[in-house]
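What follows is one structure encoded as structure tokens, with my remarks underneath.
The chains carry the letters A, B, C and D, assigned in the order they are written, with residues numbered from 1 in each.
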Amino acid sequence: MSCTILGTASQPQPAASTGALSVAVVGASGFTGALVAELLLRHPGVELAQLASEQLAGAPVAAHLPRLRTDLSFCAPDEVGDVDVAVVCAPHGQAAPAVRRLLDGGARVVDLSADFRLDVETYAAWYGPHPHPELLPEAVYGLTELHRAEIADARLVANPGCYPTAALLALAPLASLGLVDVVIDAKSGVSGAGKAASVRTHFCSVDGDLIAYGIAGHRHYPEIVAGLGEGPTVTFVPHLMPVQRGIVETIYVRVAQVPSVNELEELYGGAYGAERFVDLCAAPPELKDVVGTNRCRLFATIDERAGRLLVVAAIDNLMKGAAGQAVQNLNVLAGFPEDWGLS
Amino acid sequence: MSCTILGTASQPQPAASTGALSVAVVGASGFTGALVAELLLRHPGVELAQLASEQLAGAPVAAHLPRLRTDLSFCAPDEVGDVDVAVVCAPHGQAAPAVRRLLDGGARVVDLSADFRLDVETYAAWYGPHPHPELLPEAVYGLTELHRAEIADARLVANPGCYPTAALLALAPLASLGLVDVVIDAKSGVSGAGKAASVRTHFCSVDGDLIAYGIAGHRHYPEIVAGLGEGPTVTFVPHLMPVQRGIVETIYVRVAQVPSVNELEELYGGAYGAERFVDLCAAPPELKDVVGTNRCRLFATIDERAGRLLVVAAIDNLMKGAAGQAVQNLNVLAGFPEDWGLS
Amino acid sequence: MSCTILGTASQPQPAASTGALSVAVVGASGFTGALVAELLLRHPGVELAQLASEQLAGAPVAAHLPRLRTDLSFCAPDEVGDVDVAVVCAPHGQAAPAVRRLLDGGARVVDLSADFRLDVETYAAWYGPHPHPELLPEAVYGLTELHRAEIADARLVANPGCYPTAALLALAPLASLGLVDVVIDAKSGVSGAGKAASVRTHFCSVDGDLIAYGIAGHRHYPEIVAGLGEGPTVTFVPHLMPVQRGIVETIYVRVAQVPSVNELEELYGGAYGAERFVDLCAAPPELKDVVGTNRCRLFATIDERAGRLLVVAAIDNLMKGAAGQAVQNLNVLAGFPEDWGLS
Amino acid sequence: MSCTILGTASQPQPAASTGALSVAVVGASGFTGALVAELLLRHPGVELAQLASEQLAGAPVAAHLPRLRTDLSFCAPDEVGDVDVAVVCAPHGQAAPAVRRLLDGGARVVDLSADFRLDVETYAAWYGPHPHPELLPEAVYGLTELHRAEIADARLVANPGCYPTAALLALAPLASLGLVDVVIDAKSGVSGAGKAASVRTHFCSVDGDLIAYGIAGHRHYPEIVAGLGEGPTVTFVPHLMPVQRGIVETIYVRVAQVPSVNELEELYGGAYGAERFVDLCAAPPELKDVVGTNRCRLFATIDERAGRLLVVAAIDNLMKGAAGQAVQNLNVLAGFPEDWGLS
């Protein structure tokens, strides 16, 4: 069903000048990996050296991913080597061994799986025994706006999950008020479920439908709790909605000290006023204003009647929630301007 | 753009036997009114006598609403008279005078506006001065499952709003536990915004989008608060999602006494085990399983980590949230089986 | 993910009086079979005796198909027997042996596969050798409006494909003008591709997309050609569009004798003026006016500039294009009013 | 409902170096004008000097179009002046006087209306008397790939309509075969109908629907006929489908001399092999592979059974069908690389 291009010359990558950062993407045929590759092809400081895919090794990339204008063919994951940075888009459990090998080969790694986001006990409780616990101490949690300095020096960056990215960006400015109770009602597009076909992702299941899922415990819950630190009770309920991309989280928060409107504005302005990829909005953000961008749009207000704060966060799950933030972290690692490849 | 039928004979209504209840629909050209009419055309105990529309008076109904197989033409609202029951689908403020006139003419009324759902002070605070406060004492709030006995004897039934229908059905069984704090995160399809074209309802605005609205105060908030009675703090945030029909509400509840799983099941089973139009589900309901039906599907569970209850409710906003419940109430009024015209 | 109903009593089927026609559905878990079952549960003259499914044999029907209010469990296909009529919803090739067995057991059969729609040579060219060619002579092509009399007496009805149903209803009235050249541009919803999950039916593939397919030859092409008979050149191009249900075919026709507007109206009026399930429209039909119904809506006009006729046909692929027409044929077989279970 | 940005600094435009082309967009608040502006903000050779809007004159652009990162406010259309090039996105009839004024002021103009696409008689027949017929002789039809040389020298470029762009690109390579008969079945997303809210563009009208329109004669018909020149009979039927953006045209062609497969490939390869924005595909293109791009993807094949050619063309109606091609033409006018601002 793919559309082989007959008559168009492939486009040369813009000026991968001498000294460009050489980068490989491992797991490049999924939604996320393909998008990382697409972003890096347009990145002025990167030479996209290798695209690895278990299933498609040997096949020309452009035949399977017509949006990617490249002459590369997919290589096998274990052929990846001799690059400055590897971006790993593999399922949890499979990512850790690949990361181990890439680090040993001298690359720095941005890993998009859950393998390096949690401490060893929490990981074991939600995913099973960790394959490479020795790497956990050096892994830096890659929520760029909150951990920029550590990311710059890291050898291994654990790119955050999509839901935690939105939740933690939304809640971080409120920490000084004393978080007491947090309810995160999250709505996600279907691409969050990955590219695999299933009854759940069939057009006739999704179109016209909305459903809450992961009620008994979603794996992003412990990541959110870890990010918030000790203290608040947390409820997190994700929903699947009939859009391709994007997440909106409506977050209901009780804090120890309810701020004034001015104080609330100052907290958010202080945290994000200078941030390139966080917008502070005067009304609840629309999902579509973030889709296709690396932005997180935030709206915060006070529900006077209930004595509670309300924060709404919107991101593109594939961009700020995955591939975009991976490129942002790569830029921080490499000392590039943070928006290269992202604007 | 409407599709005039050239060659098909209109269908006779099934057996409007002598003694059928004669019914008029006022405001029959909107989403809700048209659906009430469609339901009543299939109702075995009703003769649909008049369909009134301000804008379309005089025009043949089938030309504008091709789903309605009828030879009727729209009449003007003030031509309605001499019917047993009138179903009024007019905007708030305009409904009350119409209801006054219909009651004076001897009809019983099911009113779908907000005009008779609130006490006079609350109404004034959210909508302005009430046009006919003298009617408020006799109006019965038409959430059928909760007020069936009063509805049976009423002259005037105030059909509930869509969001309150789902919220109050979801929360009623918990009253005995002592409601302390309630967060209602509601997601609605576009038909909830009515048939009027606007930037907000344009396909290119809605498709691929989700947005929270009514943050400063939605008019269904006081109706929910009135239904819950004194006590809990309540936050209600509606969202517009890209589906045509249906509402899902995810409700986060703190109660004075957290029940056991068994107690929770008994509360819901006791409340709704015998109800025709309430389903108790073992997993969060899918929106699409209620669209086109008069059902409310409920799922309740305990979030042990946060010491909170979680209830998910799904209804079709045009059916159980409007037209369907209106027919259900008409059935109660008339002494018909409650599912006539609805199954 | 299915929603087990805890607290609702299953609904008794309406009055399956003594003497009701006993019917089995084979292949009841797919889109089409489930819909046939849903229609038959509401059918006043039918007792739905058995629902067979290879994969789900033994499981309670309501657990998998929550729209079906029944206490039945799925049986295995070869447990079906002792019914008046069997409706077979199996893939081509698998249907013929099942039909053979059911006929031998004394049932009459409505078969929804392609197995009995073509002559033996054409079948072989498109599907391979026919498993039971001995049955072909007695099979009646079940396009109800065109073959009603033969269907009434048939033991085996070959229910037409969805695309041919719309195309042949659209073109039949033009036969007397001499068909010369026919282009059928068809747009179909995703349910036409069945319930199986695939890259092709993933929400993220379909949403926002449209694609032509089957260019090299779609299996409904020979069925259309067979229905039109010798004569015209025919091109048929189906497209997949982002809706769940429904087909619109825009058909461009050159005829030997271009009729006047009046003659064209008379041809269609004469053919379908008395038909319950064919609407003749004065403007191109909207897909949504047929979805959920057994109707075919037709619009025919003359393109004076090009000296050509234009016919637009809309049906619900699952109803008039499959399950609905199967019930219609069952009604003809059994001597019931043709709209029982369908209105 | 718009989302005012509180805390994010607006982004400086990339390096509008001395000598950048100064450009104004007239009618910048509609779908098309806003997109032209968005493209020009990223254009390395353009200084976006003015954005004009009748209704929004005086308002800050970013407040209404959050995707546009600019400090500009809208000006009134008649305040536009002193620019090198003006891109006019006004309705037909209103565009011509604006173009007259801009040309008199010394600007070169790319006009996106229909005002300069047709000869004076054809214009009169479809739109009424032409307001400025004196400008027609110098207007160049801006289908870039077919008229590049004339565009380079033009003072006034008539940017083509969306449907004609796809149709003429699809058919131009076949001219040498002798076009005899052409059927264009076009499917368009909703943005083709513009930003105005109407019953026709309401989400609940469009979602799940497809409808043929403009049967009696769409205004793009004479533009297609003019582009094809004397000879073939032409039928053009557009359809509205439930996607936001994009057009797919399936085109059925009879030619005087049916080519071989090789000849067909050579015709298309010869016409477009070197084109940056035309892809020749080996299978029917998917709409989504062109959405958001300025590309036209083409697939051509021979229907041996019917002795006819089949061409499928896909474009983004807002890009190659409007704003993108306008920027492409501006690049040709200015002597820039043709993909500046478009890749």
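By definition in this document, contacts are C-beta pairs under 8 Å (C-beta built on N, C-alpha and C of every residue); 3 or more make two chains touch, one makes a residue touch a chain.
This is a predicted model, so every value here is computed, not measured.
The contact pattern of A-D recurs in B-C, the pair among B-D, A-B or B-C where over half of the contact pairs coincide by residue number.
Each of C-D and A-C has its own count of C-beta contacts, and the greater count is at C-D.
Note: centroid distance subunit B to subunit C, computed from Cα atoms, is 35 Å. Subunit C has its Cα centroid 46 Å from the Cα centroid of subunit A.
Averaged C-alpha coordinates put the centre of subunit C at 41 Å from the centre of subunit D. Counting only residues that touch two or more partner chains, subunit C has 1, 207-208, 211, 213, 242-244, 283-286, 299. Residue ranges on subunit A touching subunit D, taken from their complex, read 1-9, 11, 66-67, 207-208, 265, 268-269, 272-276, 278-283, 285-286, 289, 292, 297, 299, 343.
Residues of subunit A touching subunit C in their complex: 1, 31, 190-191, 195, 197-208, 211, 213, 242-244.
Subunit C contributes residues 181, 183, 185, 187, 207-213, 215, 233-235, 237, 239, 241-246, 248, 250, 252, 283-288, 291, 299, 301, 303, 305-308, 310, 312 to its touches with subunit D in the complex.
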